[in-house]
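Take this structure first; my questions come after.
Naming follows writing order (A, B, C and D), and every chain is counted from residue 1.
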Amino acid sequence: MSAEALCLAGDAGLLALAVAGALFAAKPLGRPLVYGGALVLSALMLAVAAGALAFGGGAETLVLPLGLPWIGARFHIDALSAFFLVVVNLSAAAASLYALGYGRTEHDPERVLPFYPAFLAGMNLVLVAADAYTFLLSWEFMSLASWALVMARHSEDQNARAGYVYLVMASFGTFALLIAFALVAGLDGRFAFEAMRAAPPAAGVAMLAFAAALIGAGSKAGLVPLHVWLPLAHPAAPSHVSALMSGAMTKVAVYAFIRIAFDLAGPPDWRLSIPVLIVGAASGLIGVLQALMDNDLKRVLAYSTIENIGLIFVALGLAYAFHATDFDAAAALAMTAALLHIFNHALFKSLLFFGAGAVLTATGERRLNRLGGLLNRMPSTGLFMLVGAAAISALPPLNGFVSEWMILQAVLLSPAFSEWTLKILAPAVGAGVALTAALAAACFVRAFGIPFLGRPRSEAAERAKEADRLSLAAMAGLAALCAIVGIFPGQAIDALSPAVDLLIGAHVPNQSSMPWLTIAPVAASRGSYNGLLVAAFIVASASMASTVIHRFASGALRRAPAWDCGFPDPAPTTQYTGESFSQPVRRVFGQLAFVVEERIDMPRPGETRAAHLNLRLTDRIWNLLYVPLILVVERTAVQLNRLQFLTIRQYMSVVFGALVVLLVVLASWP
Amino acid sequence: MRGLAFDVAHLLAGGLVLMSFLLLYQTRLYALLNTFALQAVVLSLSVAWQAYVQGADHLYVTAVIAFAFKAIVIPIALHRIIIELGIDRDVENVVGVGPTMLAGLALVALSEVVMLRIAGGADVLAREDLAFALSVVLLGLLMMVVRRNAVSMVVGFMSLENGLILAGAGAKGMPLVVEVSVAFSVLVALVVIGVFLFRISERFESIDAEALDSFRERGR
Amino acid sequence: MSVLPDATVVLLALPLAAAALLAVLPSYRLSAALNVAAAFAAFLASASLFVVAPPPNAYILIDDLNVVFIVLNTFVGFTASVFSATYIAHEIETGRLTAKHLRFYHAMYQFLLFSMNLALIANNIGLMWVAIELATLTTVLMVGIYQTQAAIEAAWKYFILGSVGIALALFGTILIYMAAQPVVGEGVQGMLWTSLIQHAPGFDPTLLDLAFVFLLLGYGTKVGLAPLHAWLPDAHAEGPTPISAVLSGLLLNVALYAVLRFKLLLDANARALAPGPLMATLGLVSVVFAAFMLYRRRDVKRMFAYSSIEHMGVIVFAFGIGGPLANFAALLHMAMHSLTKSAIFYTVGQIAQVKGTQQIAEIRGLTVTHPLLGWSLVFGVFAIVGLPPMGVFMSEFLIVTSTFSRAPWLALPLAFGLLLALGALVLRMQAMAFGAPAGSTAPAKSSALPILAHFALVLIAGVYLPPPLVTWFQHVAVMLR
Amino acid sequence: MILDLVFQLLQVMLVILIAPLLTGVVRATKARLTRRRGPPLLQPYRDILRLARKEAIVADSASWLFHHTPYIVFASTWVAASLIPTFATDLLFSWAADLIAIIALLGAGRFFLSLAGLDVGTSFGGLGSSRESLFGALAEPAMIVIVFTLALVAGSTQLSTVAAYMTSDAVGLRVSLGMALVALIIVAIAENGRIPVDNPSTHLELTMVHEAMILEYSGRHLAVIELAAMMKLSLYVSLIICVFFPWGAAIADASVADRVFGAIVYVVKLLTAGVALGAFETSIAKMRVFRVPDFVGGALMLGFLGALLLFVSRTLK
C-alpha cells in the first residue's frame, strides 16, 4: 500500500473523527475520542511521512475519480511533501496530546471538536495534493476549518473581527494562488502537476505566476504587508489550535510557495529573488519589533511567527537566487537552512504556544503586565517555556541557532553572485537577519521574563497552579526535540537532503560522516559548528565550576528580602512592566513598525495624584494600506446604494438608456 | 399595385410615428387620450391594410381587436379613472416638451440608421415598416420615461405596444400575431386595473413615495 | 406513440390540472399535500426525459440543453413545494395569510411551474415568449400576496418593469422572425428553434444583431442583470419565501435559457456580431455592482437577492466568455446556484419566521439559539460565496481559470467582484450566526429536509461529479461552443 | 595526540587564569594615570576568592533560575573564550571555533543575565536588563557584520583559519579591515560595559547597565559572574589580537617551542592591550544612555560599510 494511500486513509479517518466530534461533542467521551484519535492518526501519518522522506515516497501518482472530472483528484508524495507532512503531523501529534489535557478547560467543545480534526485533515490534504483543483480545495478547506476554530470563542467581539479579517484575507490568498495556477496551467487547463512540469510556462507568464504565488502563499504565511490577519487570528483560537496555526499552517503556506516557485513555475530567474529577499527581511524586522512591543503573550508569539517566516523566506530567496545563477552548492545550503528552520520553528513555536495556553488556563490572563513570578508557581511549564524561548532566540546549543547559523553561512556565500543587485542586497539582508535575531533574543527575554520572573502582578498570577500532566508531557517532548536537533544537527540535515535534492538538484555534503558530529555545510575550512561539543563543554564547565565552588568555597545560602540599592519597594507595581522593558527599543526602532504615541500626564508639583504614561501603538501598514481600501469600498457602496431608492420611472429610464446605448453601439458598429 | 400597397403602408406607418410625436406633444390628459385613440385607429387601419396586402385574414382580427380595445374601451376607462381620481389637469413632464420632441427626433433618426444597415434580405416594405415600428416603440418608451403622470404612462406603454403590433403585422405571415395582440391587451388591461385599484393618483412614484420612505430607510 | 403518456405532456398537463384542482380545494393541508405530490410527479416525468426524449415537433423540443434546465426546474420546484407546505402552515398560524389566499397561492404555484415548463419545452419562440410572460404575471401576483404596502410596491415595480421587458423581448422575437422569413419562408417554420438553428447561417446578420439587443435587454430584465435588475431585490424580499426561492432558483434560469437559445442563433451566423463580449460585459457589470450593493443591505432576503444578481452575472459572464470549459462551468454554476440559493432562502425563511423579522440587525447568535438554522446559514453562505468543498467552488475555479486562458484582464475584475461579495456576505453572516443571541428562541417549525437535501447535493458536487452528468454537460458545452 | 589534548587544556585554563590579571592591569593603569596608588595587580584574584568564600544571600522572590544563571553565564563565556585561538591556531578543537558560534555563546550569556536581572522583581534589575537587551540587539548584528568582513577577507568564519590567513602575507592593508577593527573595538567596549558606554566601577542608578542586572547577586554567585565578566573582557581583547595582530602565534603543526613562544607573546600583547584600555578609559567621559545606540549603531554602520566594500570589490575564493 503506497504512502499516498496510507495518508489518504489517515485523512479519511480524521474527517470521520470530525463527524464523531460533531456527534459526541456534548458527551464526556467526545474530547478523549477526538483528541486521542487525532493523536494516534497523526502519529501514524508521521511515521508514514518519515518513511517516505527516508526511503522515497510512492513513485506514481494516485488518482481518485473525484474533483475535476476529466483530471480527477491526484495525490502524490515526493520528498518535499513528505518533509512537510513530517512537520505538520509532528505538530499535530503534539497538539493533540496537549489538547487531551488542555481541552478539559474548553468552554463549548462543540465549537472545537468537530473542526479540529477537519483542520488537520485539510493541512495534510494540501501537502499530498498533486493537481491544482485538489490543492486549492484542500487549501481553502484548511482555512475554513481554522476559521471555525478562530470563531470558537465567538462571543468576544474582537474574535469575530479576527475571524472576519482572517477569512477575507484567506480567500484573497486563495484567489492569488488560483491565478498563479491558472497562469501555469495555461490555455488548455493543464491542472495536474505533472502536466505543469511537463510544459513549463513562458518566461513572462512564469514571472506573473511567481508573483501571484508569493502574494497568495505570503498572505497565508503572514508576510508583511499581508500579515495583518495573523496577530488577530492566531491568538483568538484555543491555544493548541494557535500552536497549529502558527507552527504548521504557516508552513503549509511556505510549502505552497516552494511548490510553485521551485517546482512548477519553470526555470528560475534571479530577478524574482529580489522581492522575496526584501519582503522576507522586512517581515523579519517588522515582525520582531511588533512582537517586542506588544503586551499580549499570545500575540507576541504570533508576531514572532511573522518574524520567523520572514527568515525562512530570506533563506528561500537566497536559495532561489543561487539556483538561478547555477551556484547549486550554495542553493542547497540555503534551502537546507530554510527547511531546517521550518522544522525548528514548528517545534519551538508550538512549545511556546502550549506554554502560553497553560498560563492562560492557570491565570485567565494573556496580558504580560498582569502576570509575573509564575516560575515559582508553575516550575515545569516555566522550564519548558525557557527552553523554547532560548531555542527561538537562537542560543546554542539549541536547534534555533543551527538554522540561523546556516542562513548566515548562506549569506556569506553571496559574493559569488555575478549580479550587482544581489551583491549589494545580500549583505544588507544578512545584516537585517542578524539584527532580527538579536532583537528576537531581547523579545523573548521580555516575553519569558515578565510573566515568569519577578513578583506576581495580579491576584490571578498569585494563585496560578501548575498545568496538567498531559500538557506538560507534550511540552516536554517538544523541548527535548529542540535540544536533540540542536545537539545532533548533522542527522537532521542529512534527513532533509532528499527534499533539497528534489528542488535544487544538489544537496549539502553528508554530515553524519563528519568527525565528532560536526556540521560543515560547505567545507570545514569555511565554517563549522559542533552542537555536541558546545553542549558538552557548557555542561561540563558549569557543573565543574559549581562543584568546585561548593566543595572548596562556601555552599551556604541565605534567603533575605531583596536589597534593591537599599530601599526596596514591596509593591509589585514597581517592577519593570512589558512596556517599560521595551521602552529603549521603542525609542530607537519603534517608529519602524508602529505609529507610537506616548502621552505622559505628569501631576504638577504639589498635586497628589499619580502620574500616568499612556501608550498607543497602531500598525503603520494597516493605516497605510488597509484603511484606505476599506474607505474606498465603503464610499462606493454608499454611492451606488442610491440606486436602491430610485422610483419606477427612474428605473425605466435606466432600462431605456441601456437600450439606446446598445442601439447606438449597433448603429456605429463597423 | 405593388407601388400603391407600399405607399399606403408607408403612409399609415408614418402616420403612426406622427401620432407618437403628437402624444409627446400633448400636455393635457384628455387631449392625450383622444390622440391615443386616434393612433389606435391609424394602427388598426394599417394592420387591416397589411391583412389586405398580405392576404392574411387573421390580421383583420388583430385590427378589430386593436380598434375595439384601444380606440374605444381603454380610452373610456382612462377617462373614468381621470374623473374618479380627479386628476384632470396638466401633465407634468420631467423635461420640457421641446427637448422631448428633439429627443424623439433623435430616436427616430437612430432607428432609421439602425434599419438602413440591414441588407436587402428582408423586403423593402417590411423594412420600412420595421423602421417606423422601432421608432414608435422608442417614442413610447420615451413617453413612459418623461411623463410623471400614471395615465400618460399607461398611454405611453400602449403606444409602445402599438409599435409592436405594427411590426408584427408587417412581418409577412408571422403566426401568433393575434394571440400576441390579445395577450398584450390583457397586459394593458391589468395595468389599467392596477392603476385603478391602487389609486395611483399622481404618478407611479406615489406608490413608493413619502409614505414608504421611513420604512425604506429601516428596510433595505 | 407508446401507451404511457408522453413525458412532456405530463410536464404540461399535470401542473395545469393540479392548478385547476387546487383553485377549488378548500383545505390548505390537503392542497399543500397535493401540491407536493404534483410537483414530485412532474419531477419524475422530467427525470424520465433523460431516458427517453420525444422527437421535436412543431410545439415541443427536447434536446441536451433544455433537459438540464427542465430537470433542475422540476426538482427545485418539488423541494420548494415541500418547504412551502410547512412554511405556509406557519403563515396561517401567524395569520399573515388566510385559507382563501392559500387556494390562490397553491393554484398559482402549479400554474407557475406549468408556464416555466412550457417556456423550457416550447419549440416555438413565440410560444416561449408567451410562457415567460405568463410566468412573470403569476409571480407578480404571488409577490403581492401579502398585500402590505411594501409587497404591493414590489409587485407593481416588478409588473411594470417586467412588462417593458416583455415588450422588448417581443420586438426582438418579431425581428428574429423577420430575419428568418426570407430564408425559411413564411409561416410557423420561421419561429421554430429546430428550423431556425438550421438556417441561421443564412439570416441577415444586422437584423439578428438588432434582435439580439432587444432580446438580451428584454429577457435580461428577467435574468436580473444590472442595470435591468431593479425589480429583483424587492420582489425577493417582499414575497413569500418559497416564491423567493423559486424566483432565484428557477425563473431567472428560464429567462437565461431564452437568452442562451438566441445566443446560439447568433453564434451559428458567422457574419453576425459575436454576442460573447456583450454578455460578458453585462455579466461583469452585474457582478461588481451587486457585490458593492451587498454591503449596505439591512434586509436579509434582499441581500441574498442581490447575491442572485451577482451569480447570474457570473453565469452570463461565463457564457459570454464561451469555450467548452467556460460553458461547462457556467452550466455547473447555474445548477449549483439554483440548489444553493434556494436552500439559503429556505433557511432564511425559517429564520425570519422564528425571529419574526428580516432585519439583519435584529438577528444575532443563531448558532447558539438555533444550531441547525445557524449552521445551515453558515454553510449556505460559504457555499454561495464559492468556498470549498462546495460545488460553486468548482464552477468558479473553472470560470476564473478559463477566463485567464481566454481574456486574462477580465479575470481580475471578476475575481475582485467575487472577493468583494464574499466580504459582504461573510460579514453579515457572522453577525447573524455568531455573537450573543438576540430575539426569540422559539424552535423552528418548518422542516429542514429540503435544506439538507440541497446542501448534500451541493457538497457532493463539489467533490465528486458523476461521469454521466459530466458527459452530458460537456455535450451541452460543446453545443454552446 | 596527548600533547594536543594537553595544549588544548592549557589554552582552556589560560583564558580563565589570565582574565583577572588583565582586569588588574586595567585598574592599575587607571589608578596610576589618576595619580593614585591603586590596588595591586593581583587584587582581582583576591576579590574573587573572598567573594567565593562568603555565603550567598538570595532575595525571597528569586526563583531557581537566579541560582543557576551565574554558572550558565560563566560556562558559556568560558567556552566562548577557550574557543578563541590565543597562542596557537591548530589546537585539537580549533575547528569548533566558529566566530558566529562564539558570538551566539556570548549572546546566551547575555540572555540569561538579563533574565536574572528580571528575576528578583526590583526596578533596578529590570532597568539593567532592558538596557542590556537594547545594547545587545545593536552589538550583535555589528559583530555579525564584522564577521562578514573577516569571512570575506579570509574566506572563512573559522577563527583559526582567519588568524592563519592574517599572518600570511596574502593580506595587504585594507580599508575594510580598518573599519572592521574600529567597529570591533567599539563593540568590545559596549559589550564589556567599559567607559564611555558604562562604568563598571560605579553604582550610579541612572547610568548603570551591567551592574544593575547583577545588583542582587552576592557571595559565590557574584564571584562567578565577576569572573565571567573578566573573561569576557579578555575574550574580546584576545579576539582583536588573534584577528588583527596574530603575529607570533603558532600556526599549523608548530613545534612545542613555537607554542610556548606563542603563549608568551600572547600574554605580552594582552597586557599591552590592558594598559591601552586603561589609558583610553581615563581619557574620556561616560556618555548618556541614549547616546549609546548611536555609538554602537556607528559600529554597525562601519562594519556594514566595510563588508559592502568587500562584497562589491571581490568574490569569495
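As a working rule, a contact is a pair of C-beta atoms (placed from the backbone, for glycine too) under 8 Å apart; a residue touches a chain by one contact, two chains touch by 3 or more.
Note that the coordinates shown come from a computational prediction; the quantities given were computed from them, not determined experimentally.
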{"item": "Selected pair, greater C-beta contact count between A-C and A-B", "value": "A-C"}
{"item": "Per Cα centroids, the chain farthest from chain C", "value": "D"}
{"item": "Chain B and chain D, separation of their C-alpha mean positions in angstrom", "value": "100"}
{"item": "Whole-Å gap between the CA centroids of chain A and chain B", "value": "69"}
{"item": "Whole-Å gap separating chain A and chain C, where each centre is the average of the chain's CA atoms", "value": "44"}
{"item": "Cα-centroid distance, chain B relative to chain C, in whole angstrom", "value": "31"}
{"item": "Chain A, residues touching no fewer than two other chains", "value": "644, 648, 652, 659, 663, 666"}
{"item": "In chain B, residues with contacts to at least two other chains", "value": "114, 117, 141, 144, 204, 207-208, 220"}
{"item": "Sites on chain D at which at least two other chains make contact", "value": "none"}
{"item": "Pairwise chain contacts under the document criterion", "value": "A-B, A-C, A-D, B-C"}
{"item": "Touch list for chain C against partner chain B, complex", "value": "124, 126-127, 129-130, 133, 137, 149-150, 152-153, 156-157, 159-160, 163-164, 166-167, 170-171, 174-175, 177-179, 181-183, 186-188, 190-191, 203-207, 210, 233, 237, 296-299, 302, 359"}
{"item": "Residues of chain B touching chain C in the complex", "value": "114, 117-119, 121-123, 126, 130, 133-134, 137, 141, 144, 157, 160-161, 163-164, 167-168, 170-176, 179-180, 183-184, 187, 190-191, 194, 198, 204, 207-208, 211-212, 215, 218-220"}
{"item": "Residue ranges of chain B touching chain A (in the complex, touch as defined)", "value": "94, 107, 110-111, 113-114, 117, 138, 141-142, 144-145, 148, 153, 203-205, 207-208, 216, 220"}
{"item": "Chain D residues touching chain A - in the complex, by the definition given at the top", "value": "49, 52-65, 67, 71-72, 74-76, 78-79, 82, 93, 95-96, 98, 100-101, 104-105, 107-108, 110-111, 114-115, 118-127, 129-131, 133-134, 136-141, 144-145, 148, 151-152, 155-158, 161, 203, 205, 215-216, 219-220, 223-224, 289-290, 293, 300, 304, 307-308, 310-312, 314-316"}
{"item": "Parts of chain A lying in touch with chain C, wherever the complex brings them together", "value": "65-70, 132-133, 136-138, 140-141, 144, 151, 154-155, 157, 160, 163-164, 167-168, 171-172, 175, 178-179, 181-183, 185-189, 191, 633-634, 636-638, 640-641, 643-644, 646, 648, 651-652, 654-655, 658-659, 662-663, 666, 669"}
